[in-house]
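Quick one: the structure is below, questions incoming.
Letters A, B, C and D mark the chains as written, and numbering starts fresh at 1 in each.
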């Protein structure tokens, strides 16, 4: 715990990087609205919106939630949530996307 | 109740029942083999390596990679065989022959309503000719039911709001159980009936005994009664598309995308007409949900499916061009 | 509660932990595992959304046109700002600056209140226009949307409602945290609760990041319903 | 103050409460079996019968099987096995128990008002628009109870990661810890989906918001997807800790390490992970796409591998062991037999062609009772027998416990084996009345259930008896290896007098064994 306290003290976190992330998040919000006004057609509009949302999520997770520099276990629990969501979507869509094939 | 006079195995009375049984016996044999093998080993070890003296400890054996691989790969291989065989039987049981006779089934709490292609109706009884492929097109008026005939080894859930189907070809004369297999409320266990398999000539006599209007004829009446014919004109100039010959064919939709116009598509187009709009048309059709009975929808669909691809007027026009 | 650092050494290390480091790592990991649970909770809703949108694409596009994307965008900005002020509070805790924690929390609370205020306005408008699904639902928009348009609003209300509920819970916790922070409850050595709460708040922000484009922006490009 | 809510105390609270709910569920089971003695359905009205099997399912699954091994055995033994003073979040642990009791209160409220008749599966639209019973209260109870499980899961995961004694590396952990870890993963990742599903059910039922109503474009099958996304993994919540218990018992009574330790450890994780991929096999005939059915059937086959790995490794562990004929050991071997039958019939159900016929029949009922009763419930009982001396410090009677093992094993098989035959004959489940040709098999089943019930009552008596009259157990009555056997029985406030460190592998038996005394003689010949 001593080493930990020194660790904290040795580089006092500054707010500047967080402010940059804030700016990026606001810019991406504007971008997603802008992208939605353009007609890309199915499924591209959704993919673009998803991509922007994922990058915003990535920024929040990496910087605001300090996943960069967290323990591997933290990353693992985040990954397990993400994999769980992926499995959920893929398998449920295996029903809905093939239901009307015959 | 006679004590030893009870069945151990269900009757086998359809063309596909044998395939299901064969698969089951294979799985049973594999299971019995493994169970006995494991039980035998456990019993032998249990007797042979019992503790002799209070202070004994076992030999520390930590494992064997070869054995682990053997007893991972063998079960995997066997279960994949089961999967493949099972999928084959599943496709066999769930793919009706093209020329199957179509019966309509409506489930409601707590009865089965069945209509024959000739129009005869019955409740909780199903009379079928032997040796003829029969497809049941099924829907529910309320909750989920399940159409189950153990002797034919077939089962399919019956859902509100869409169609499911199941088929069989009976191979034995006689009377068999018809069950509802999906729990559906208070009288679930009374939602039972019987399937009577008859010789074709007897079936014809049975059919003649009932007063019947065919679903096609009934559907035709509904078609004008609900004024469908004011928009779906066979001149192809109506506000809705002409419906002749469309059953089972693909169509382009507004907003991109395609749909195959199967029974479920036709049903959806009557109940939620604006969900899928055929390219080139406007979403003008009102919904008929709640205004037309499930049986009525089935009759409409069978009428639509009976319509010719090119109506008389249509044919004349093509000729004149 | 004593302000003396030595007293904290005695009282805020729970009896069953050997060190502050063990306590901190346990607390953070616990929060993350809890968030994995939250991810799956919202995943259930998103799965419903994807399935129903796949089944009724037109209805969803028409429904979405009845949401005010400007209010949605405003709220997105507000929530992102609140996430930033939450970071301010956490940095304050990490550097042992009591006033910074308090200011960060108060600002976060305020932004949260703005968000919910906008939400109340939006919900009120939907209620007036009979767009709340259920027996009172009436659709006076384009009839082409069909009856399934109700499903869009059902998904809209349950998704934003569950999100708002999480915000209300978070704001309740902040109301308790602010006086505690003022009283010096959290120190440089032990501020696990602030960090853990920060993670929760950012997660709530994350959910909204996905809700905004997929609820508010579907009909913006003329939706392509009529080809 | 520290001792207020230490995990052992919470374990005892859970022990008492799950026993109560098990008794209620068991009472319902008795009434169900009595009704099924005759084909006509003359004992109860149909709607009464429907409430009986629904409440039996709800009580047994949500309020007994899911908390039983993790919350009772896990809370007591897990911190001891890890050499920890407590779980990572003791207050959260206490909150789990309160949530469990609040959930149970809602459910009991609906129970005393007549119960629910939707089946424990709550399929829509039956549960949303057609049932007039107390569905909302029960769903609320299960919702609240779900968070109890989630908190227990969070607690165990963090505890296993952060609270291990010095030297206790991952591959030195007892296999029960691995199993508990896998269980906790499922609890954390699957339970929230049940929670949101119940929220949607609640909104649909109470406010008429038709999430699953086809009239507004909803899909009842989506409810089934969401429900089984939780409820299939939930089966593994119930069975995985039991598999861990069996590993512990076999290692202790053969006095040797588990054969293929790492394979057994990872098979728990594999079962947990595969458990998330196979839910669609409950829906082969539901109207899901046949392609999805094939995907789910293929994935289901994967579960066979880790399950087989476990069984074969247990079998191999017996080889050249020093096997003690103790009650928990008899039980454990019986468990393997029942688990093998349950697992193999599960494979049959996962096979598409067979499932068409036996889905929603007594074949399914028999299968899951082999897993849930033959597996999970029995493992819980045997775990109690194994750790009872540690929990109470007392020994129970050898003769009576052997007798109860026999009664349970015989009674169980007599109850449920005939149901496999009934199922293949086509007897649908949840039937209050049935065709007369099924009667003989139903009578056999009811007869078996009577024996089974006796087998449950006997342990209740000798466990209570042992609290006052049982011989003192000492630290390690079985001569087993593991940190929990190194402390006193029952353990002191901080679990250990001196916090332990670990310098050996799991189940490393030393010669001569570490038993303080030879109490198994007492166990064998006592009373």
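Some observations on this one:
The definition used in the following text is that contacts are C-beta pairs under 8 Å (C-beta built on N, C-alpha and C of every residue); 3 or more make two chains touch, one makes a residue touch a chain.
All figures in this text were calculated on a predicted structure; none of them were measured in a lab.
In this assembly, the chain whose C-alpha centre lies farthest from chain A is B.
Of all chain pairs in this entry, the one linked by the most C-beta contacts is B-D.
Each chain gets one centre point, the mean of its Cα atoms, and the points for chain A and chain D are 37 Å apart.
Between the Cα centres of chain B and chain C there is a gap of 44 Å.
Annotation for chain D: residues 157, 161, 189, 193, 215, 217, 219, 221, 225, 229, 290 touch two or more other chains.
Touching of two or more other chains is recorded for residues 41-42, 73, 77, 80-81, 84, 88, 92, 96 of chain A. Under the contact definition stated at the top, the residues of chain C that touch 2 or more other chains are 25, 29, 33, 36-37, 40, 43-44, 47, 51, 55-57, 59, 146-148, 224.
If you draw each protein chain as a dot and join the dots that touch, every dot ends up joined to every other dot. Residue ranges on chain B touching chain C, taken from their complex, read 254-257, 272-275, 277, 279, 282-284, 287, 289. Residue ranges of chain A in contact with chain C, taken from their complex: 1, 4-5, 8, 12-13, 15, 18-19, 21-22, 25-26, 29, 32-33, 36-42, 45-46, 49-50, 52-53, 56-57, 60-61, 64-65, 70-71, 73-74, 77-78, 80-82, 84-85, 88-89, 92-93, 96-97. Remark: chain C residues 55-59, 142-148, 224-227 touch chain B in the complex. Across the complex, chain C is touched by residues 2, 84-90, 92, 150, 153-155, 157-158, 161-163, 188-193, 195-197, 199-200, 203, 207-211, 215-219, 222, 225-226, 229, 494 of chain D. Residues 255-257, 259-260, 262, 264-265 of chain B are the ones touching chain A in the complex.
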